[in-house]
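Before anything else, here is the set of structures, which you'll find just below.
Shared chain: chain A. Partners: chain B in the first complex, chain C in the second.
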Partner chain A sequence: MFARTAWTVFRKDLTVEVRTRETLATTLFFALSAVIVFAVALVRDGRVVADAAAGILWVAIAFAGTLTLGRTFERERYTDTLRALLLAPAPRAAIYVGKLLAVVAVLLLTELMLVPLVALLFDAALLQRPGLLVALLVTGTIGFASVGTLFAAMLVRARSRDVLLPVLLYPITIPVIIAGVRGTAALAQLVPDEPMATFWVMLLAAFDTVFVTLALWTFDPLMTD
Partner chain B sequence: MSVDFDEVRASGLGRHFGRRRALSNVSFSCRAGEVLGLLGPNGAGKSTLLAIASTLLRPSTGHLQYGAHEASRAGAPLRQRLGWLGHDLQLYPELTARENLIFFARLQGVTAVDARVARALTDARLESRADDLVSGFSRGMRQRLALERALLHDPRLLLLDEPFTGLDGPSTIALASRLTRLAGEGRLVMLATHDVDLADDVLTRALVLRDGRLVDDISGRGWRQAYRAALSRES
Partner chain C sequence: MLQRSVPLLLVTTIAAFSVAPFLIHNAPYESTMGLVQKIFYFHAPAGIVMFLSAFVCGISSAIFLFRGRQGADRVAVAAAELTVLLGTIVLATGPLWARKAWGVWWQWDARLTSSLLLWMMFTACLLVRRYGGPGSDKLAAAVAIFGMFNVPFVYVSVNVWRTLHPKTTVVPMLGPGMREPFWFCILAFLSLYVLLLALRVRLAEQQATLDARYLELDDRASA
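Moving on, here comes the complex of A and B:
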C-alpha cells in the first residue's frame, strides 16, 4: 500500500508536470539565468576563482529547488486536492514520498542541463568522474528536497509561505550545500580527489537517511490540523 | 481493522484558532438515511464543523463518535468510510476525467479500479468526455465528476461544503436528487450551506449555527421558516 501510494502520487505529479511544464520551465530558466549571471560576474579573461564552478552549481540547485518546492504543494492547495489526498486512507507518509520523488525528478532534470553549462562557462572539469558526480548530485538533491518537501507541506496553509520557505529551508540545508560544494570541488581538481569526494557522498547519504526518516515520522501529525 | 457505523454523535464540540472561537459546545447526532444540513450565515462555524467531522481538524474540546469508534483513534480505516466534496472540487484540471478518477480510486485502495471508474463516469454522465481534460469542463460537469470522485470508495458518511455554489437550476436539481438517493441507500449526508433556498428539497433535518454556537435543531417540514425565526431570535 505504501509503495503503491507513493508511486501513484509521483506518477500523477509527473503527468501534470509533463502537461504543463510549469515548474520545470520556470526552474530551468531561473537556474540557467543565475549561472550565466555568475559567469559574467566571475570569469575575467578566461580565468575563474578556484572552486567557483562548484559553488555556483550548488547555489543554482538550491535556488531552483526552492522554486520547485514552492510549486509542489501550491498546486494541491489551489485546487484543494490536498484535502482529498489527506482524507484518503493511504499512509500519509507515502504521499510525502511521492511528492519528494517528483521534486527530485524535476531537480535532477534541471541538473542535467546545469552541469554541462557550468562546466562550459567556468571551464571546470566536472565530468572527470561522472559516477561520483552523479552520486553527489543525487544524494545532495535528495537531502535538500527531503527537508524542503516537508517544510513546503507544513507551510501550505501559511499566508507568507513564499517568504517562510527559504527562511526555514536554507539554515537547515546548509550542510547539504557545503557537502555538495566540497565534493564537487574535489572532483573538479586537475587530479580528482576521489577519497574526498566519496567522503562527502557518504556524509550526504547519512544526512538523507536522518532527514527522510524524520520527515516520514513527522509528516502525518504535521498535516493534521 | 474495518470501520462501519450508522450514527455520528458529537458532544460538546468546540474549536478555537488562537483567541478566535470558531465553534463552541456543539452537540448533535445524525443517523444513516438522513440528509443533515448545517445552516447559518458566513462565519457561523459550518465549515469548521465539517472539517472536524472529516477528521482533518481536531476539536479543541468535546468528542466525535462514529458508531462505536472515536474519531481521534480510528485513523485510516475511518477515513476509508468518509467522502468529501467541497466548493473547490478537488480535481486536477490538467488531468482527464478518467485520470482523476483512477488517481483517487488507487489512493482510496479501491479494488477493480477500471470497472469502478467506468461506473463512476456513467453515473456522472461523462462517458463521452472521459478522456477530455477537466480544465475544459463546465462547473456543472466538474461538480458531477467531483461527486463521483467522493463516492468512489463507497463512503458511509458524505460531507459536502457549499455543494450548490455556482450550479445552474438543472444541475442543482440533479445534485439534490442524487443526494436524496444516496441517503436512501443508507448513507449519512451532511451538507453545509448558507443558502437555504437551494437546499430546500434535500434536507431532512437542519442544524442552525450562529457565531460558532448551535442555535436550533429543526426536523421535518417548515424548517425554512424555523431557520429564519431562529436567526432573527439570535440577532
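Moving on, here comes the complex of A and C:
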C-alpha cells in the first residue's frame, strides 16, 4: 500500500513533467544563468579560482533545487488537487515519498546536464572518479530534497512562501552544501582524494537517513489542519 | 512553578550580574592575550546557554507538534527568541575578541560558522512565525526540530572544513583564578535565561488569554 501510493504519486509527477518539461527546462536554464553569474565573479585573467568549479556546481544545484521544490507543490495548489491528494485513503507519508522521488529524479536529470557543462566551462576534472561523484550527487540531492520537499509542502498554505522556502531551507541544508562542495573539490584535485570524498559521502548518507526519517515522522502532523 | 520563581530569579540574576564584573576584574590576566581575553567570561557562557536554548526550543517544538500542547508552543517561541538573542551576544562579542587576537573581525572558522548557522536557523524560525500567516506555529515547530537535529551535522561538516577557534578543551585547563569567575558567569547566564524564558512565556500566555477574551466579546456582541 505504502509503496504503491508513493509510486503512483511519483509516476503522476513524472508524467506531468515529461509532458510539459516545464520544471526541467526552466530549472536547467536557471542553473545555466547562475553559472554565468559565478563565472563573472570567479574568473580572473581567463582562469577560474581554485576549487571554484565544485562550488559553482553545488550552488547551481541548490538554486535549481529551490526552483524545482517550489514548483512541485505550487502545481498542486494551482490545480486545487492538494486537498484531494491529502484526503486520499492512503498513508500521508507515502505522498511525501512519492513527491521526494519525483524531485530527486528531476534534479538528477538536471545535474546530468549540469556536471559536464561545469566541467567543460571551467576546465575542471570532475569526472576522474565517476563512481564517487555519482555517490556524492545522489546522496547530496536526496539530502537537499528531503528537507526541501517537507518545507515546500508545509509552506503551500503559508503567506510569502516563495521567499520563505530558501530562507528556511538554506541554513538547514548547509551541511549538504559543505559536504557536496568539499567532496567534489577533493575529487577534482590533480590527485583525487578518495578517502576525503568517501567521508563526505558517508556524512551525506547519515544526513539523508536522519532527515528522511524526521520528515516521514513530521509530515502527517504538519499537513493536518 | 516557572512563574512563581520569577521574583527569586530576578533577585538572583541582578545580584549575579552585579558581582560578575568584580570577579572578572579580579581574575588574573591571561599570559598572551591580556585584557581582551576577559570578554571570554561573557562570550563562552552566552554560547553555552545558546546551545541549551536551541535544544529547549527543539524539544518543546516536538511536544507541541505531536501532542498539540499550546504551553509547549509558548516555551518554543520564548526559547527561539532567546536563542537568537544569545546568538547575537555571541556573534557580537566574538568579533570584538577576534579583532585583537587574530587581527580580523571574522574568520570562516568552524565554531564561528556553526554558531552563525545556529543563529540563522532560529532566526528563520522567527521569520516564519512573523511572516508565515495562519498555521505558521506548526511550520516554526518543524524548523526548530530540524534545526535541533541539524546541530551535529553542522558541527561535523564545518569542523572538517575549517578549524581555528580555541578548542573547548581550554575550559578544564583554565588557570586557578580564572575557573571560578567562568563558572560563576555560566550560572549567571543560566539564571538570566530561565528568568527571561519565564517572563516571555507569561507574556505569551497573557496574549492568548487576551485573544480569547476578545473572541468571547465578539461572540456576545454578535449574539
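Going forward, the second predicted complex is superposed on the first by the 220 of 225 C-alpha atoms of A that agree within 3 Å, B and C clash if a C-alpha of one lies under 4 Å from a C-alpha of the other, contacts with A are read in each partner's own complex, and residues count from 1 in each chain.
One rule holds in what follows: a contact is a pair of C-beta atoms (placed from the backbone, for glycine too) under 8 Å apart; a residue touches a chain by one contact, two chains touch by 3 or more.
Predicted, not measured: the structure shown is a model, and the values here were computed from it.
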{"item": "A:80 touches, of chain B and chain C: first, second, both or neither?", "value": "first"}
{"item": "First (chain B), second (chain C), both or neither touched by A:147", "value": "second"}
{"item": "Winner by number of chain A residues touched, once chain B and chain C are compared", "value": "C"}
{"item": "Which superposed partner A:1 touches (first chain B, second chain C, both, neither)", "value": "first"}
{"item": "Touching partner for A:19 - first (chain B), second (chain C), both, neither", "value": "first"}
{"item": "Partner chain in contact with A:182 - chain B first, chain C second, else both or neither", "value": "second"}
{"item": "A:89 touches, of chain B and chain C: first, second, both or neither?", "value": "first"}
{"item": "Residues on chain A lying within both footprints (that of chain B and that of chain C)", "value": "225"}
{"item": "Of all residues in chain B, those that touch chain A in their complex", "value": "54-58, 76-77, 79-80, 82, 84, 86, 88-95, 99, 103-104, 106-109, 149, 153"}
{"item": "Chain B partner contacts - residues on chain A that touch it in the complex", "value": "1, 4-5, 8-9, 12, 15-16, 19-20, 79-81, 83-91, 224-225"}
{"item": "Interface residues, chain A side, partner chain C - complex", "value": "147, 150-151, 154-155, 157-160, 163-164, 167-168, 171-172, 174-175, 178-179, 182, 199, 203, 206-207, 210-211, 214, 218, 221-222, 225"}
{"item": "Residues of chain C defined as touching chain A within the complex", "value": "65-66, 117, 120-121, 124, 127-128, 131-136, 138-139, 142-143, 145-147, 149-150, 153-154, 156-158, 160-161"}
